[in-house]
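Letters A, B, C and D mark the chains as written, and numbering starts fresh at 1 in each.
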Amino acid sequence: MTGETRETIVARPSAFNQALGIRLVDWVLDRATVELDVTGDHLNRSGVVHGGVLMTLLDVACGYAGTWTEATDGARLCVTLDLMTSFVAPALAGRLTTVATVSGGGRKIFFARAEVRDEAGKLLAMGQGSFRYR
Amino acid sequence: MTGETRETIVARPSAFNQALGIRLVDWVLDRATVELDVTGDHLNRSGVVHGGVLMTLLDVACGYAGTWTEATDGARLCVTLDLMTSFVAPALAGRLTTVATVSGGGRKIFFARAEVRDEAGKLLAMGQGSFRYR
Amino acid sequence: MTGETRETIVARPSAFNQALGIRLVDWVLDRATVELDVTGDHLNRSGVVHGGVLMTLLDVACGYAGTWTEATDGARLCVTLDLMTSFVAPALAGRLTTVATVSGGGRKIFFARAEVRDEAGKLLAMGQGSFRYR
Amino acid sequence: MTGETRETIVARPSAFNQALGIRLVDWVLDRATVELDVTGDHLNRSGVVHGGVLMTLLDVACGYAGTWTEATDGARLCVTLDLMTSFVAPALAGRLTTVATVSGGGRKIFFARAEVRDEAGKLLAMGQGSFRYR
């Protein structure tokens, strides 16, 4: 997006990421890590973290993983084409850490995978998808 | 969940659904419709509705579609096993309507599909997944 | 592919489609129907149709649905980016009919969905995915 | 399936696996490797390995990964609930090796991921899904 730099991207998450409390904590070529501290607003009717939160974490982390660029004075953007999430275990509380890696692709499209884990390292959700550069 | 009835489920969405502004507006056997009015908090860095919002709508609608029961004094609960979302077109503003239908399954697991459309009826995202009754 | 026309595409399926016995039986803009008659070679260890057969039917039907062109003297080709299949019920025997429809997309990418049904019309598998034109 | 042992499972693939030439070459708790040597019958209209072949490899490998048991005189069976495949790069020729690992789950359902790679180790397709024990 015009005017954004790597620094502003890290410092100012998108409105929805801010609303959820998602932070970009590590970002290198083809890999990104985002975090979120669970609050009551993230819960579903069963008292565990809503699937929508986990899917958002996977999507956000994958998007960052594919759009890192060496240039610090510009930013790439992407749109998600497809994302599939498997809900391996319920997320209860604490800090959720999501690591995404780019699996392949080219100049126009990339494929990525990501995992959400809790503080004990337990796998909560995993995702896989394709993304198109804008 | 103990103590919930069909009325309380409709009247009191989960914390995350409330935080996002998701409303259950139609609910019958094997089909549910949920709505959300887009606000600035739903947007991503590109200025369109964040994929996490659309995935949440699909997940919520599918979950409702599979858990309607004739009994008004109890409630079924389910967990999502997998959900795949395809982002067909960007969502810009206004009211997003998501209709989910159950495609099949049995006593323990059900399969469902859902679509998010804008006020003009344009397809924005479609989802497909499997869900397990609790 | 150079030299192919709509007629040769219908008359001469790809090697793998031929090996499996998949036939293109209906093809119009944004929709295609393919058929397969179950034989012993299609079965898995449990004695029902192998998931690989159902996924292939979904993929093939979606690919055709997105590549129909008005021109009869040329052919479009596509590659699948992602395909998600949900196995709703076991496929036992007889003729399997798969109908795919294009849900959206543009000049470079399209999204499609498809369903495999048995002779009684029972839903066996459903798929959703994205495809890139070549 | 009644009467099957670990040895017969390895020695006698299912009819469809045999038809495609899929071999189980490594099998331990929560991990399985299957191989296939590409022939002309595996190709699609574009002259590369048909997506159906790659999806079948992913499905087969995941199924094995989740059904290994310590007991050598019996066999577990599973059905696939959902499988999502991302087609990262075209598969051209030679031996395709697919490794699947179980990511989590419990007594009734398991989640698994798998990758198809060519002889040079290049990633061709990746899959993720859920499976139910029978």
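Operating definition for what follows: a residue touches a chain if its C-beta (ideal position, glycine included) is under 8 Å from a C-beta of that chain, and two chains touch if they have at least 3 such contacts.
Keep in mind it's a predicted model, so treat the numbers as computed, not measured.
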item: Selected pair, out of A-D, A-C or B-D, that shares over half of its residue contact pairs with B-C; value: A-D
item: Identity of the chain that, by mean CA position, is farthest from chain C; value: A
item: Interface residue identity across copies chain A, chain D - same or different by half; value: same
item: Centre distance in Å when chain B and chain D are each reduced to the mean of their C-alpha atoms; value: 33
item: Computed distance of Cα centres, chain D from chain A, in Å; value: 29
item: CA centroid of chain C to CA centroid of chain D, Å; value: 21
item: Chain D residues counted as touching two or more neighbouring chains; value: 81-82, 84, 86, 129-130
item: Chain-level touch network, classified as line, ring, star, complete or other; value: complete
item: Contact footprint of chain C on chain D as seen in their complex; value: 1, 4, 9, 14-17, 19-20, 40-46, 50-53, 55-56, 59-60, 77, 79-87, 90, 134
item: Complex interface listing, chain D residues touching chain A; value: 82, 84, 86, 88-89, 103-105, 111, 113, 123, 126-130
item: Chain D residues touching chain B - in the complex, by the definition given at the top; value: 81-82, 84, 108-109, 129-130, 132
